[in-house]
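The two complexes that follow have chain A in common; it is paired with chain B in the first and with chain C in the second.
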Partner chain A sequence: MSAGQANRFGFVINPSRLIDYDTSDRKVREYITLREPSFTLCFACGGCAATCTAGQHTSFNLRRMNTYIRRGEIEPLREEVTRCMLCGKCLLVCPRGVNTRNVVSLAAEAIRKLERNEL
Partner chain B sequence: MNSELFTLPFNLGLYFILIYSVVRSTVWFRDLSRPDKLRLQRGFFGKPFMDSLREIFSESLLHRKIFSKNPVLGYMHMSLAFGWFLLIVFGTIEADFFSEKHLNPPSHAIFFRWFNPEHGAEGFARIFSFWMDLLLAFILSGLLLAIIKRFIPRMMGMKKTTKHTWTDRIALISLWLIFPSRLLAESFTCGAYGSGSFLTGNLGNALASFLPAAEMAPWFWWLYSLSLGTFFILLPVSRYFHIPVELFLIFMRNSGITTGDRHSSYTEVQTHACSSCGVCISVCQMSSAAGIHDIQSAYFIKGLRNDRDIAAITANCLMCGRCEEVCPVGIELGPMRLIERRQGERSDRIMKLPEKYSLSRKRGSTEKILTQAYGYLVREEPERADVLFFAGCMTHLTPSVIVAMKKIMDSAGVRYRFMDENGGVCCGRPLMLAGRDREARELINHNSDMIWKSGAQILVTSCPICYKVFRESYYLEARVMHHSEFINLLIEEGSLRLGYLHKKVVYHDPCELGRGSGIFEEPRAVISYVAELQTSSQESNMSLCCGGSLGNLTLSSGKRAMIAADAARTLTLGSPDELITACPLCKKTFAQVAETKVSDIAELVAAALPAPRAAKAKTRPPRRAARAVSNG
Partner chain C sequence: MKSTQLHIMVAGGGVAGMEAAGTLAEMGYRVTLVEKGDEPGGHLLQWHALFPDRRPAEEVRSYLRKRIEHRNISIITKTTVEKIRHHISGLEVNLSGGTSEKADAVIVSTGFDLFDASRKEEYGYGIYDNVITSAELEVMFNRGRVAKADGTVPSRIGLIHCVGSRDEKVNNNHCSKVCCVTAVKQAIEIRKMLPSCEVFCFYMDMRMYGPYYEELYRESQEFYNVNFIRGKVSEASVNINNRLVIKVEDTLAGRPLKMELDIMVLMAGMEMAASGMKLAEASGMKRGINRFLETTDHHYGNNLSGIKGVFYAGTCTAPMNITDTISHARAAVAETVRYLNGR
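Coming up: the complex of A and B.
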């Protein structure tokens, strides 16, 4: 279902909020939550994105990356995940104690495995 | 009583282990890189050789380092190693001296009493057999301690002792049987012939009074020989392989070979030289403060030795380096873990017994596939400056440190440029700690370029994590200084005038700065200059980790807080006014759990700066400020 069709019901769905179940792949999310359960604690406050060292140079955004992971959008995740410098600032600002560095590392690992059909 | 058949297991074992050791060390030598081969060859004909012999005597036999950490444990290791060594040496002398023939086979010395049951009746031989009994008693006392340690580790002052694999267990049992069976075998023989000294003679007489000593003796000689033989055969696949391998390691290390950044013969030798003594377990804060008991270096090395999937163990370590500091064998545990982190995923499998005897391990692993990750970084043309200040990512989270550093440098009249004022690029150390060196290299190249172009003479950083990587992995002309060193330099030069704060403070050595880079004195000199410095029970090379370490990739925030709280408690036992550290990450971590105020060394020094002069105050626009307040 495209965003255009979604408008038929008389209300609008913002395309960026649309979850496409045809392409959604939850394997990466499951891989991460199993190994780093603190991932589920994230309430998307965006503190990580605000402090991010890499984010000052490029569009890397951990909060958005988390959304991709949760929604199972693998394509945009693939490139996003390589941009992190693992500096750990996000780890310190996270009010929920999410082990953010491990989430990024696991996401990269999961994507590698996905490419090799091991997931 | 002259059948020699019982010596067969011993002889088989002995010749097996001798040949195996020679072949395996040849393979290790062959697999060394060319420069390392040269180092070892050169080391063999010179001072390193004598150093090695001295070290073998003091460490492999006397176990001096374990002694200094834990005297009871040291005595246990010493009595077994040195006692056994002396027993073999004097046994050989005895066999040579009191036999008709010279140059006897080793079994003749080991089973001397069997071949000469009536030996030691009078004169010099009597003194000699007293000495041999004394040595046996010495070893048996150590063995008793070993048995106590295995079942009640606390009695030996150890919190935990290592868990064993089944080959380790059989080897352990055969080792434990060697000396009691020798005691009983000699005692029965002495009992039957009325010979022997204070131990074997008296025990022999007592046993002979109610047992048929002459018939019992052969059984125990068989047991003695069998336990020796089993021990020797299992040696290469058990942790006791450390006994011969440690000698090889000492020669290699004294010749100047280091771990490097990939698996090699040297890492393999280090892996096998670990005796699983468990000293690393006792000092690990993950165990003592966070209740994690399965990731310590002894288990890491054990997993490596048995080729298990140890990715989880490898990643779950603070990399604080306390274990490396106390390791009596001197294994470079930090670099070993980093090498393992660099490896790709490895399948978990259980090695079959014959595989464990294989001469050379090709560690099956796939190198991580990496892509160009940081192409988005733009190279800028930096302004030129003599002093370059690099705050580092973590320091940007503690702006008070940056403010303090600016104040200090302004006050001392330093003309500097703030390299990452608007947020710089990470130094690369966190990526290296995660085993992603190639990606780290991209960041290192980017930063190096900026530093070179600035033409700086001195690069000052506020973050020990950056400091370590700047010093070790960057190729720079500039002198790299941590801000504590730099402040110390300013004080020594006399360009920084400071008051004295009437405060008691305690100093926490950050891992990367202290143990990691060997900077212990400068921060203490700075602190002592402005305040009263207290000592702590855990400091300098045994300082605690704050728990916030970026070296650990998987530790949860809850466990981190447990480690931090425990470390803060230990540090503030002397109830200081402030807890001083020199690392923004330590500061952040401690600030969350400590009741005492936590400050960076720069903040302390900034507080000791004399109040700004009146002339400076004039430049402030008071009216606008007042207006802002009234409007606000």
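Coming up: the complex of A and C.
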């Protein structure tokens, strides 16, 4: 029985929503930070997400993605990274000079490597 | 040497320069206050009311005016200090217009320039009629009427924090410190003046660092229904109804947000004054990476230029509010007197 389904006793066990920082996987963060050090400069203003065309119609949100990567929350990224069209409008907005487009490319690359056990 | 025989030049007649000149004169020194505008007062001259208590700016203006009404002070207006150089008998100060004066010490108080909001092109200042700066809103308060360019009453106003501050794209990584609390103050004033007008503050972080600032923030929520949205506005445009439309991420909701506004107020930040930069270039005064004048030590030397007889007061060293500017000016006087006594 999977978590979140009612069992025959009629109660529900929801999966934990905790960000468990002690067991989370920060390899993707290390992979990106090493190759694009400006990644660390984000102060979560959301300028990128405001201007993002993909974000108007999908759940793609670069500001949130940056936070997920920093916290080692990899699962939500797998879908997210595929939605960016790499147009680079976020680059023009970012007040901290983060090379946002490269961050998305590297995140996608890191996830591919993760899936092939190369990370 | 008796203080009455010593002459101190003060470069810049804003809040810092006026307070420094007044304090020195009171102590018996002969002071020349040089101001580039028509009269001393600086940016405060256009301001309507001050944070955090919204007292009339005129109260502080009149305090400062009285401060410089002293027989030891001569005031030179419409003039800038162009260069400070060492001379056998002290310092020689070159003024615009070609004259020069000898001085025993100089206090530099050239202040700040307001960020030119048209440099953030995506906000449309100078392009769209109803995009104004925080300073222009103060002028509206002075006139007693907040209105759109066509004279009609606005039903929604947005205040955009951090315009020209904390923004690498305009080469200003620094925080201008006073804009957050100014926005909250102005939001309250709009709500008092126009109770049916909605007000939204778009912020990245609320920096309520001073005494009673946080209380003012709370008051704006508790009694004035000011709305706060956490996100940096990425761009503004105008729709077919000639209303401004802004795009922002509501970062707390995690979704992009669009909003129509009647007036967009840009909270323009502080930059090192152009006149101060010119003086610094000519006189060998060091500047930091944020372009403000660099002092010898951030903690215990923040009035010291590192040049003999030259001291700094106020926002030529960093953004600061009026309270801190006045304290900084008095500290500059203390350093100046210490230097003169020790010669």
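Quick note on the criterion: the second predicted complex is superposed on the first by the 99 of 119 C-alpha atoms of A that agree within 3 Å, B and C clash if a C-alpha of one lies under 4 Å from a C-alpha of the other, contacts with A are read in each partner's own complex, and residues count from 1 in each chain.
In this section, contacts are C-beta pairs under 8 Å (C-beta built on N, C-alpha and C of every residue); 3 or more make two chains touch, one makes a residue touch a chain.
Because the structure is predicted, anything quoted here is derived from the model rather than measured.
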item: First (chain B), second (chain C), both or neither touched by A:Ala50; value: second
item: Touching partner for A:Gly97 - first (chain B), second (chain C), both, neither; value: both
item: Touching partner for A:Met85 - first (chain B), second (chain C), both, neither; value: first
item: Contacts of A:Gly10 with chain B and chain C, given as first, second, both or neither; value: neither
item: Partner chain(s) touched by A:Arg64 [first = chain B, second = chain C, both, neither]; value: second
item: Intersection of the chain A residues that touch chain B with those that touch chain C; value: 51, 56, 92-94, 97
item: Complex interface listing, chain C residues touching chain A; value: 122, 162, 166-169, 204-205, 230-235, 247-251, 254-257
item: Residue ranges of chain A touching chain C (in the complex, touch as defined); value: 43-52, 55-56, 61, 63-64, 92-97
item: Of all residues in chain A, those that touch chain B in their complex; value: 36, 38, 51, 53-54, 56-58, 82-83, 85-89, 92-94, 97-99, 101-102, 105, 109, 112
item: Interface residues, chain B side, partner chain A - complex; value: 345, 369, 371, 373-374, 376-378, 393-394, 396-397, 422-426, 428, 430-431, 434, 436, 443, 548, 550, 553-558, 585, 588
